[in-house]
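Take a look at these structures.
Look for chain A in each of the two complexes below; its partner is chain B in the first and chain C in the second.
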Partner chain A sequence: MLQYTFRRTLAVLPTIICLIVICFFLMRLAPGGPFTSERPLPPAIMANVLERYGLDQPLHVQLWTYLKNIFFHFDFGPSFSQRDRDVNDIIAAGFPVTLTYGFWSAVFVLALGIPLGIIAALRQNSLWDYIMTGFAIFSQIFPNFVLAPLMVLTFTLAWGLLPGGGWNGGQWEYVIMPAVALGTSYLANVARITRSSLLEVLGAPYIRTARAKGLAERTILWRHALKPTLLPVISYMSPVFVYMITGSVFIDVFFSTGGIGQSFIDAAYTRDYSVILGLAILYSVLTFVLNLGVDLAYAAIDPKVRSGLK
Partner chain B sequence: MKTTILAALIGSTMLTAAWAADVPEGTTLAEDQTYTYRVLDEYDSLDPQMLEGVESSTVVRDLFEGLYNMDAKGELVPGVATSHDVSDDNLVYTFHLRDTAKWSDGKPVTANDFVYAWKRAVDPELASPYAWYMELMSIAGAAEIIAGEADKDTLGVKAVDDNTLEVTLSKPLPYFADMVAHATTFPSPSWAIEAHGKEWTRPENIVGNGAYILTEHVPKERLVRERNTRYWDNEHTVLDKVVALVIGDENQALTRYKAGELDKTDIPAGQYPALKDELPDEAYAVPRLCNYYFSFNLSDTGLEAFKDVRVRKALSMAIDRKVIVDAVLKGGQFPAYNFTPEATAGFELPEIDYAGMTQAERDAEALRLMEEAGYGKGGKPLEFAYLYNTSDSHKQIAIVATQMWKQKLGVNATLENQEWKVFLENRGNQNFDMARGAWCGDYNEASTFLDLLASSSGYNDAKYSNDRVDELLTEAKTSHDTTPLYTEIEQIVAEDMPVIPVYHYSVNMMLKPDLKGWPMDNVMQKMYSKDMYKVAE
Partner chain C sequence: MTNPQTPEQTPDNPEHHPRTMFGARRQHEAAELAAAEEMIVSRSFWADARRRFVKNRMAMIGCFFVVLIFLFAAFGGVFAQYNIEEIDWSLLGKVETEGGPNLTNGHWFGVDELGRDLYARVVQGTRVSLLVGFVAGITSVMIGSIFGAIAGYYGGRTDQFIMAAYNITLSIPYIIFFVVWQAFFGRSVTQMVLVMILINWTAGLLITRGQVMTLKNREFVDAARMLGLSDLKIIARHILPNMLWVIVIYTSITIPDAIMMESLVSFLGVGIQEPQTSWGALISEGASTMTYGTLWQLMFPALFFAVNQISLYYIGDGLRDALDPKER
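So, the complex of A and B:
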């Protein structure tokens, strides 16, 4: 398995380099640059500014310098829109924020979604099932950009229980609303996927066998049915989790968390090339790591997959 | 040598109290002197010589202090300098610095700190995007240093002694002293900058000479500054702590204001009348030094029809500015018939013929001009694209204006919106028929607006060129009575109509009633936290 992990890691390097090169050129295709402003800089000042940031160099030289700095110095360059900071600083400041509420959001989704799905499946066509289905539909028609303002109006303005936004070092009262607002629609999906997956597993021949040999229903559920039930949940959650911890742009902007999601949007608007690139790389590395993690989790759960990894 | 009026005035006021929070006697101050406000976005920089943003300079005005400050009306008051003298040829300014001014690490603030900062601002190696400000101040050598033709040590600024700063100008500039209240000219601590490089503005590294020191800065989330006990006038500072929260969504900011999390926030477009009804003591609309206009493209790439001044004037007259201001914007903005906002200091609103007409008269005149030019109803069809950057309020104005043209003149204007930087690129390269424009004054003097209409201006997107206007603008730079010059410029511009003035701005904001001292009468909206205080409710 270690060898497998190593092989996968090596294979991803060319992908990331391709991604950098494509992003690098795509961004420069967009009209305007980081220093295009309502007040165009006088030519002499523009020349000084471009020289300082190396933007006066031919594109291939800029790209080469950029790649060299990343691979040899782990330096993702200076930000053009926040002039006192580097991209490394911006990620170091914003990523822990999204990671925190993204993590708690995932915990919220799994800790509630899976049990809900299980109960709905075990009590198929009961009141519980209908409540769960109703909830799933509800959360689909109340996406986070509707839910979040409603939550703020209720918990902040009407009841004064929670702060309406901000982060304040990640105190719990600041984390709750972003985590819940981000997670709700995924929660419903996880519950739905768990429910249908468990129903399918419970109809499988080996469960019938287990029942036939007289195992207790509880043992059947926990020892035999649950693991295969979770496989589709895991593959569903892996891209969702990347999305959660790299920050939903909406959640970051709405709750003013200072998370990394907002930087994506801002950097695109301000043509902050190095920030966009840095975030794109972060995003792809995380996607890779989590996909790998999912594959390894699959192997841990499913013996069939495990033997295929060798 | 002559001493300026300012210096004479200051001489007497200094004897009483320094300029700080003006708390009336008998006021009960609130226990908690914390002021929390909303900012739209993260700061571009907290380095006085590097920053460009309006919000950044608000913070830097608290963290550093320049030669002069502004009071609640926008008038100059002493900062580190107590007064200045001007040589007879108006080229040499000598500033006298107080000896009580200290940096937050205890070092005295000297003339050398200003010399260091000003040389830094023009240094091509630092490459400040705001270096042009030093050029605008006409400091001797600034242009050459920026262009890399001279060494930065040749800049016309020197420390005669620790408390005397001498500045030499390349040409007389009547409003030079007004310009030293701007952040670019604030002193900077060479030792801290040399020790920490570009990280010197972090809370753990920064050294300032303002009324506050930076204690916390979480990018895109919050910035906290607290009272600097070493500030020379600390005893008159009332607010202990100032917190800026970055909140991108203005409606969300308003909700948080209503929940009591903020003392000040902006009013989302169009919501001013409703909020004024709901919270009459908290909603404010005050003039701000900005204009909004439509720019024709008069360059070779422009539309042939727009080369005809009658077409331009007809389009301008057909716009009912009252409708735009009262029905679309609804925030106390001012209909504009000329370029410079009336609120600009020392600016007298010139007589502009079409400003005095009723809208019915303007409409009739517009129709007549359009017919005479042979376009519109009954003439050649006139079609063009109106370009604006993507935003709801720009779109609403565009819809209303193009509808007016269509109904009154039979002109077909299509709307074209573009993302901000794409828009700037196209507008800057004259790749448009007509485009939205807006300008906010850099300093409180009419030339900050009118200079845009000079043929040589980099901001003249219309590519308007009138020799007489250029001549008058040059003359105004050294004149002590600018009113007749500016009046003539505005009148020529109203005759030529290279741009259609639409309205002049107002700031719409919510302010908690217990917060006092906000500079309502300062059209530059330059606030200093040290001048504000909170009263007990």
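So, the complex of A and C:
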């Protein structure tokens, strides 16, 4: 297990470095830059600006300095368009917000999706089951960027229950809609996976054995059926967690929550390369780490994988 | 499999013969005749699948709506009274009250926030969304299945290499990649299609790879190899026709995905560039102005988007039912 963890962690590092290098060169190859504007700067000032940000040096030197700063000082460099901030500041300001609603969204998905799936499986072909199937189709057709405006329309404009945007230090009213809008399509998928998985488990011979020896249905469900049911759900969690983070791009733009997604889009508009690069790296690292975490959790729970690792 | 037939040529099922018209004996003979005919001209796989697909009511309704939307994209512009950029100055400043859908002034769907005709813009948006979705979706699946076929057929190093590329691509957060790409290379339809193919090239890869892996050990492939056919010919002539159904199903799933991806990115404001537009961009504009009560600006594009996605979903579902041997 320890060895597996170690091996997986080591494999992530070169991928991340590859990614940084590719992004870095893509960025420098692209025409235009943060300092090209409609009124070109006088050459002397331009030279000063380039020197200030170290852009006058050869590319490989720039890349090396960049990598060195990231890995040894955890410094992503200054922002090109916001003169008084650096990328670390932007991350420090936005990331807690993103994490907060991402976390609540994940809670929402799991805490509702799994029970819904279980109910649908236990009452197969009942009204509950049909409602859930309908909901699953609905959420595929209405992705969150259609759903979110509709939610604001209903809960803010029509009923005035919840604020339609903003963050306000993360008060609960402000967290609900971002978290729900972010999670709905995944909620449907989690419910669907739980349902089919539980149906499969309930058909297994050992459940029949448990029934034959007279265990109560409840005991069968909680003691015997639940754990194997959750395995496919856990393996599905890695794209979910990843999306809870990358989905922030959309949530921040629509709800003005002020997470890192907004900074990312702003940076893309102003061609603020260091911010784009820094945030892209952050997103990618999180993606790898979350994937790794889910894989490890899976390995820890599934006896088949666990014994295979020894 | 080699000669696909139209449903007209296929003999009807014996059960479907009207029983009241014949006596018991003749009915029996007719059934026997039909059975014999069926043995001679056996239905091909594709004719069979088409039959099942046509019988699927939801899928047919889906096809109907998709055809409608395509017609709308192709010829809808003819009925537009304004072009996509023209600002109707007479409505400016009172869009909220008088800019709604109106049959007398030619703004069938109303006007947008800037007083531009929404009908013309929805036609334009439909064109862009369908174009990007279909071109990117189909091309991605083609590329994905070519790589899948190569990986499955050759195995070994080639397979490992392609699978490594596959895993890396999947682990890159696509929204991020998309935004970065658009920021660097400009926001045109071509770039959009290009980056979507780059992100989606893995579509269908895994499943074609698996198919090829099982197919390549079958006798008919051995026979082809013994006859001295080149690898390319074996893949193109003997393996591809046998897994075409997988590719068709996958394409039908990938196209709505691609449309959704395009819309999401346009919603974020880094998609298609003004004055061009797409469903996502229109929904985004509508969502930002709905506070003023101009709901039609959100509802028309959202309606087109939703109807299209529902239809494509049911078409994909119908194709899977019709083609997948496991579903039978």
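Definition applied: the second predicted complex is superposed on the first by the 306 of 310 C-alpha atoms of A that agree within 3 Å, B and C clash if a C-alpha of one lies under 4 Å from a C-alpha of the other, contacts with A are read in each partner's own complex, and residues count from 1 in each chain.
Assume a contact is a pair of C-beta atoms (placed from the backbone, for glycine too) under 8 Å apart; a residue touches a chain by one contact, two chains touch by 3 or more.
Owing to the predicted nature of the structure, the values given are computational and were not obtained by experimental measurement.
Following the overlay on chain A, a clash is recorded for the pair chain B and chain C.
Within the superposed three-chain model, A:Pro163 lies in touch with chain B and out of touch with chain C [touch as defined at top].
Once the two complexes are overlaid on the shared chain, A:Leu26 sits against chain C while remaining clear of chain B.
In the superposition on chain A, contact of A:Ala93 is made with chain B only, not with chain C. In the superposed model, A:Lys213 makes contact with neither chain B nor chain C. Applying the stated contact rule after C-alpha superposition, one finds that A:His60 touches neither chain B nor chain C. With both structures placed on the common chain, the touch criterion links A:Arg271 to chain B and to chain C.
Of the two partner chains placed by the overlay, neither chain B nor chain C lies in contact with A:His73.
In the superposition on chain A, contact of A:Val253 is made with both chain B and chain C.
Residue contacts after overlaying the shared chain place A:Leu153 against chain B and chain C alike. Taking the listed stretches 110-118, 200-208, 254-262 or 308-316 of chain C in turn, the superposition on chain A shows a clash with chain B for 110-118 alone. The residues of chain A shared by its contacts with chain B and with chain C are 30, 149, 152-153, 157, 164, 253-254, 269, 271.
Against chain A, in their complex, chain B makes its touches with residues 41-47, 50-52, 124-129, 131-132, 135, 143, 146-148, 198-199, 201-202, 218-222, 245-249, 252, 255-256, 258-259, 261, 419-422, 424-426, 428, 438, 458-459. Of all residues in chain C, only 168, 171-177, 179-185, 260, 263-264, 267-270, 280, 283-284, 286-287, 290-291, 295, 298, 302, 305-306, 309-310, 313 touch chain A in the complex they form. Interface residues of chain A facing chain B in the complex, by the touch rule stated above, are 30-33, 35-42, 44-45, 48-49, 51-53, 81-85, 89-90, 93-94, 97, 149, 152-153, 156-157, 160, 163-168, 253-259, 262-263, 266, 269-271. The residues of chain A lying in touch with chain C in their complex are 15, 18-19, 23, 26-27, 29-30, 137, 140-143, 145-146, 148-150, 152-153, 157, 164, 242, 245-247, 249-250, 253-254, 264-265, 267-269, 271, 276, 279-280, 283-284, 287-288, 291.
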